[in-house]
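Reviewing the structure listed below.
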Amino acid sequence: MMRGDHTSQKLAFSFILLLIIVLASSQSALASKKPLNEKSPCKRFVLYYHDTLFNGTDAANATSATVANKTRLGDFNFGMLVVFDDPMTKDNHLLSPPVGRAQGFFFYDKKNEYNAWFAFTLVFNSSEYKGTLNIMGADLMPQKTRDLSVVGGTGDFFMARGIVTIETDTLQGDFYFRLKMDIKLYECY
Amino acid sequence: MMRGDHTSQKLAFSFILLLIIVLASSQSALASKKPLNEKSPCKRFVLYYHDTLFNGTDAANATSATVANKTRLGDFNFGMLVVFDDPMTKDNHLLSPPVGRAQGFFFYDKKNEYNAWFAFTLVFNSSEYKGTLNIMGADLMPQKTRDLSVVGGTGDFFMARGIVTIETDTLQGDFYFRLKMDIKLYECY
Amino acid sequence: MMRGDHTSQKLAFSFILLLIIVLASSQSALASKKPLNEKSPCKRFVLYYHDTLFNGTDAANATSATVANKTRLGDFNFGMLVVFDDPMTKDNHLLSPPVGRAQGFFFYDKKNEYNAWFAFTLVFNSSEYKGTLNIMGADLMPQKTRDLSVVGGTGDFFMARGIVTIETDTLQGDFYFRLKMDIKLYECY
């Protein structure tokens, strides 16, 4: 009988242990619905985007061109649409070897201040990464940093999602600007 | 021996209880792969979108402008491209205080009836919400309601996804229309 | 006492069994964070996309039109923007009954070779499927196959995400081309 008592005590203890495991597993199951933490991307890297707008004579250097002219709505280029195939570099030097291309478009869309809207694909074809990231969002230019959405990826970035935080790194007249892009992925597969 | 029987009965009962918990936790684990229910968004709100197209002289009121003219393909504005920075209000009054802006573009894209395609960002900067929602999809105008995709979000809407159900609330000539937007998020973090 | 031993042996065995179930459920909970496998879409089908560009006189047949002309940046149509409402068929015959429409736009965006960028909605309204899939990405034309992102879906494709692998099936002069689209969804609800 003593041994029976021992057995049931051990079993009771095991039950509690098991219950903890079960609840832990249950919690991780529930947690899996909300696994994303803004401060903990599963992948993160910074690249610089260089936009050199075609001025009509510099086709050798230019990597973007105006496709639709600004309208007469306000004084901030409302409606001006630019298509680009811009180099992405690891540092902020225009002539550094590109590690990818940003292909897409932006247009200005505010009548009383500068504001733009972007949709583009980051295309990687290097030893480091092969694949693409698809990105869209508003570029609220008066703010120091602006967040765009990474809405999908392919290749090494299969099904990725995340946030790209952009910041104007330099602005040189009408024909060159550079953005720092802090690319943070929260869904990696 | 009777006490041993009792113990094993209790244990058997506990096992069944435990098994139910385990299966429940296991089910919620499996369920977490498909947690989305069209009728149960994690966040939902209705806003009204007001598009006032620039007619060439009303820059003070206009919030959108034609960037590319319609083509000669059909009689339904095929190819006409409009960039907008439109106010979003809680009720259907154009002059209500905006709670956000819709910044993006649409174009008409059907030759034998009206049909449009939208991509835009809802920009919030109020006491209620700060952040953005990025949206795209077809506006099948002959249908009473049409569903667009919320493909990403930032700030208070970090990594959100969902559906925006739009409905034409009014259409006044060529220069003003209003959409009711029922914004339903199914991924909230 | 023998019976007590038996009981505890049985219980020990049950514990091990239960532990396996618990660990399995726990693992499936963890696995649910990364359930996607590139080779195992939850839905897959192939469709053909037919683009017949308006030449100014064939409005009856044409399903797309140039909205912004190419720029003088390079010799590969940089900046030429086309809006389309193109039929999708199950086989590669232009005149097969369409099972859906692809509504959206593309533009060329490279100055030293052909390259395009697409954003569009697949619209289904058949006995098989009702709903939409929203798609965007770079069309790196020199590559045999290119991957675009399915960034959202509605109706029968509620909240879907995935990859569309496109391949040029034929190219006939300036006014007709056909893409094979292998649509693979990895998030189905």
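By letter and in written order, the chains are A, B and C; residue numbering begins at 1 in each of them.
Following the convention adopted for this analysis, contacts are C-beta pairs under 8 Å (C-beta built on N, C-alpha and C of every residue); 3 or more make two chains touch, one makes a residue touch a chain.
What you are looking at is a predicted structure, and each value in this text was computed from that prediction instead of being measured.
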Can you tell me the C-alpha superposition angle of chain A onto chain B, nearest 5°? 120
When chain A meets its copy chain C, do both sides use mostly the same residue numbers (more than half shared) or mostly different ones? different
Compute the distance, rounded to whole Å, between the mean C-alpha positions of chain A and chain C. 20
Spell out, as numbers or ranges, the residues of chain A touching 2 or more other chains. 4, 7, 11, 18, 22, 25-26, 28-29, 32, 68, 81, 119, 136, 151-152
Report the residues of chain B in contact with chain A in the complex, numbered from low to high. 3-4, 7, 11, 14, 18, 21-22, 24-26, 28-29, 32, 35, 54, 56, 59, 62-63, 65-68, 81, 83-85, 103-105, 119-121, 123, 131-132, 134, 136, 151-155, 158-159, 189
Of all residues in chain A, those that touch chain B in their complex: 1, 4, 7-8, 11, 15, 18-19, 22-23, 25-26, 28-30, 32-34, 36, 38, 68, 71-74, 78-79, 81, 107-111, 115, 117, 119, 136-138, 140, 147-152, 161-163, 186-187
